[in-house]
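As written, the chain order gives the labels A, B and C, with residue 1 at the start of each chain.
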Amino acid sequence: MSYLTMFIISIIHLIPFYILINLALKTRQDTGSKWMPPDYLYLKNFADVWTQSHLASALLNDLIITVCTVALVVFVGVLAAYPLARYPTRWNNAIYTLSISTLIVPALTVLVPLYKLVVDIHGVSTYWAMVLVLTTFFLPTVIFLYTGFIGTIPRELDEAALIDGCNRYEIFFRIIFPLLKPVTASVIIIIMLGVWNDYRFSLFLLQKRSVQTVPLVLSQFFSQFQNNLPLAAAGSLLSMIPMALIYLFLQKYFVSGLAEGAVKG
Amino acid sequence: MNTTKRITALLSLVIILSLAACASPATPPPEAAAPTQPETQPEATEASAPAEVVTISVMTNRVGTQAELLEQIARKYEAENPDIKVDFSAPGADYEKLMKIKMAANDMPDVFSTHGWAKIRYGEFLLDLKDQPWAAQLDSAIKPAVTDDTGKVYVLPMDQEKTGPAFNADVLKEYGVEVPLTWTDFMAGCETIKTKSDGKVACVHMGGADSWPVGQYYDFFSTALAISPTPNDEKALLEGTYDWTKYTVLSQNLLDLKTKGYLNADALTAKYTDSAVALAEGKAAFGFYGPFICEEALKTNPNFNCGVMPIPSLVEGDKPTFAGGELTTWGVWKDSKHTDAAIKFVNYFAQSENVKAVAESNKVPAGLAEIEVDAGYLTQYYTQYADLRTFTYFDRIYLPNGMWDVLCKNGQDVLAGGITPEQATDNIAKEYARLLASQ
Amino acid sequence: MDIVQSAKRNIDEMRKTGGRWRRFFDSPASLNLMYAPALLLFTVFIYYPIAQGIKISFTNWNGYSAHYSFVGLEKYRYMFTDMRTYKVIINTLIYGLGSTLFQNILGLAYAMLLNTKLRGRGIVRTIVYFPVIVAPIIMGYVWYFIFQYDGGALNDIMLALGKEPIDWLGNGPRAVWLITLVNTFQYMGVAMVVYLAGLQAIPKEYLEAAEVDGASGFYKFIHITLPLLMPAITVSVVLNIIEGLKLFDVIVSMTNGGPGYASHSLSTMMSDLFFAGQDAGFAAALGNLMFVIISLFGISSLKFLRRKEVDL
């Protein structure tokens, strides 16, 4: 019975991808039903989209930006989370609430002044400005998850280390930080996906073609090849592969990471 | 993570960041649309110190084959001018959004397309090009759209629109419908098509989900309503004293198309590309678009017989018209740091063979005078209707900037049955007043 | 360990000699330096722009030109007297609360199913989570292909069943609910993963002890699983509510807020007003309203759920 349910669930959740793959294998003249697979083998869409668009360089750009952002946001976030979790003074609580409420800010509210700021510091179409902006916007989530997790680490550990003569910083780097490994894996996955697929900031901050990332290239597919949907579909499938691979590779850490930390009582 | 790993991670982060910061992002990846190689090597530069390489940023709203063509010409220009590099970008659907944000930050590209809004929206950012060699050659039809009373020339218009509804010639022939020249004839033709095809062929296909096709309808027929007849309301519109109750008829006609079953059933959720496909497959007869939809449709069905007709007249005794205006243009940012290189770039595009190539890619007349354009399968229509007047798109002259969206949204609402044509007119009039005041 | 010992010796010496620095590094207050970088980033890239952004709501700026003038509370008044605002607020609540409800119920159900020792459950988990990985713009198009009137996947089925095709997204209220369902489908994987983690964190002894006592499956669920799952519920529900109320990409790809304004959320409406409507002031006012509403729901749900958490 359970196997049947699992099977049905899988089928339902695979439908969108079936349709996408179907579309990618068709020629643009083929306007037949979206359900029926083509009765010919047409792989040219994949080749075409690779050569006709900047998918290769977009993948590289996305990789660079994602790696840098994830590294930076984890570092800054975990640093920030420690005092907020351990020492809930009035001031710290205020900072915590402020950080979380930043999650709610709609991107458009800050878009124009933010863009102006980036222009003024000559950061448009640069990697570093993009990384800094994305780091800032993903910090709240990271802080949220880490504060939750640090809360589950017994304070006794801190006290013991203090008695041993460590100062506060040493406690953090030597004792607490190593214990954060599990939830770090989960945080990395969550942030990684968010950064890789970011569109709303990339659109305005990455204007030169040479630095554009995958979501921008995809958007151009869809406006440029509007009438060549099979090509756009092929492009979409290709662009999914990196993240899918990374996720498959890391997924066992993902659930266990969350289990050991953020969602424990 | 132990200390060693963490330090390694930090170090790699620092290295990557510094590499990235130092990495010059200026080299564009190899283009698939191979630029034509120059036949002769560029002339050796003078013996004086080597010229500094200047990079100009060029952005256009065009997409697809048109954008590729523009880029090809840009690469040819680069080849002939080794000290100038062109950073070419065609963002597509988000072009306008990008431009608005850039305007807000006063960070425009050195050269950019103005897609019909050279004077009204981009005006204050454009350099005056009246001293350029081609400025005297502007085609008389487009000249008013790109110049003003002070003689400032805002942009180089490489081609211009000559637009009216597109149709599937085979479908019209099959049902024995003549190209209608008045709205009454148009409705009658629709009735014929609907009855004879038993409702299978939509008389008009509208891609309402994309919003702008709805605006296109209003734009077409606003001219027919208020500008082309005699007497007309041109003066009232220019002075802001237009009586908006007269405008209700447009919304009513749109609603009638739907209630009488002449419009495609999914007018609200179909996109522009769906219209192209519907026309190509003979599932629709007319589309309120223009010659551009012909190329799109041909990609789906190479045997598609595309036709372009003038906009039917609304007022008794009036003749049909074409809508005109900017299509592919280049303007120069007045605060650009490389105005010389930018102007040179624009002038390069003003050369006859380049203007001709661009105009032909859109199958429309050129923007500079005395350039013969081969309009291919549309030639017969341009010849047939050569005597008809062309009026610049209504909303670009008589409506404040921002009204386009108001028309689109209210049209959609009318079709959805959410508001009556009278209410639509109310909304339109209100927004008109607000936008006019804030200009 | 030499480094540590020498560090300790240094510290002891510093302590003996006294001085502000050393006392500082011993105190909790010194740790506050740790969130300095984060605060710096927030201030530069968020708070400063927000202040500017709020200013915009008091002007009649059109979003791009250099000229504008201050109009005081005009935009706010306009916002509160415009009927569209209330429609959009309702839509946003449906998107936010509706999605959260469905996602969490289904997510929990899936998690419970897939937490058992079934073969191939890893694959099914990945399949369910997959839409989260895919870029929203792609999923949007896929959904468009499904709901398209002419040639869409759903209508093909309707035709095959001998029925008339329906213009699924052509009707405002129906479009809103379809978007909510699509959003659920898209991000359900996140809820599932959070609940999987939560379920795995429940010590097995509790459940086994209850079984020994003769408790039924239902009883176990209500009295043991659910209470111990509260932290997971908090995380999942709060994040879902915030993301759901902010919903943007799915709406834009499926209906772009249409027909007319029928399916806009506060977020998409704001974007539309800014770019298409060229009314930056109204957009900014709406943005501030959005912030208030989401804060209200987000923070109150957080407080409510936190209180229900059981201490182990």
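One rule holds for everything that comes next: a contact is a pair of C-beta atoms (placed from the backbone, for glycine too) under 8 Å apart; a residue touches a chain by one contact, two chains touch by 3 or more.
These figures come from a predicted structure and were not determined experimentally.
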Identify the chain pair with more contacting C-beta pairs: A-C or A-B. A-C
Specify the chain most distant from chain A by Cα centroid. B
Report the inter-chain centroid distance for chain A and chain B in whole angstrom, where each centroid is the mean of the CA atoms. 36
Chain centre separation (chain A, chain C; CA means) in Å: 14
Chain A, residues touching no fewer than two other chains: 31, 111-112, 116, 174, 219, 222, 229
Do you know which chain B residues sit against two or more other chains? 97, 101, 104, 106, 277
Note: chain C residues in touch with at least two other chains are 63
List the residues on chain A that touch chain B in their complex, please. 28-29, 31, 51-54, 56-57, 64, 67-68, 71-72, 75, 111-112, 115-116, 119, 124-128, 131, 173-174, 177-178, 180-181, 184, 203-204, 207-211, 216, 219-220, 222-229
For the chain C and chain B complex, residues of the former touching the latter: 60, 62-66, 68, 147-150, 165, 167-172, 255-256, 258-262, 272, 275-279
Flag every residue of chain A that touches chain C in the complex, lowest number first. 2-3, 5-6, 9-10, 13-17, 19-20, 23, 31, 33-35, 76-77, 79-84, 86-87, 89, 91-92, 95, 97-99, 101-106, 108-114, 116-117, 132-133, 135-137, 139, 143, 148, 164-170, 172, 174, 193, 197, 199-200, 214-215, 218-219, 222, 229, 232-233, 236, 239-240, 243-244, 247-248, 251, 254-260, 262-265
Chain A partner contacts - residues on chain B that touch it in the complex: 1-3, 6, 9-10, 12-13, 16-17, 20-21, 23, 25-29, 32, 57, 59, 63-64, 67, 87-94, 97-98, 101-102, 104-107, 272-273, 276-277, 281, 296, 299-301
Could you list, by residue number, the parts of chain B that touch chain C in their complex? 96-97, 99-101, 103-104, 106, 121, 124, 208-209, 211, 264-266, 268-270, 274, 277-278, 283, 401-402, 405-406, 409-410, 412-413, 415-416, 418-419, 434-435, 437-438
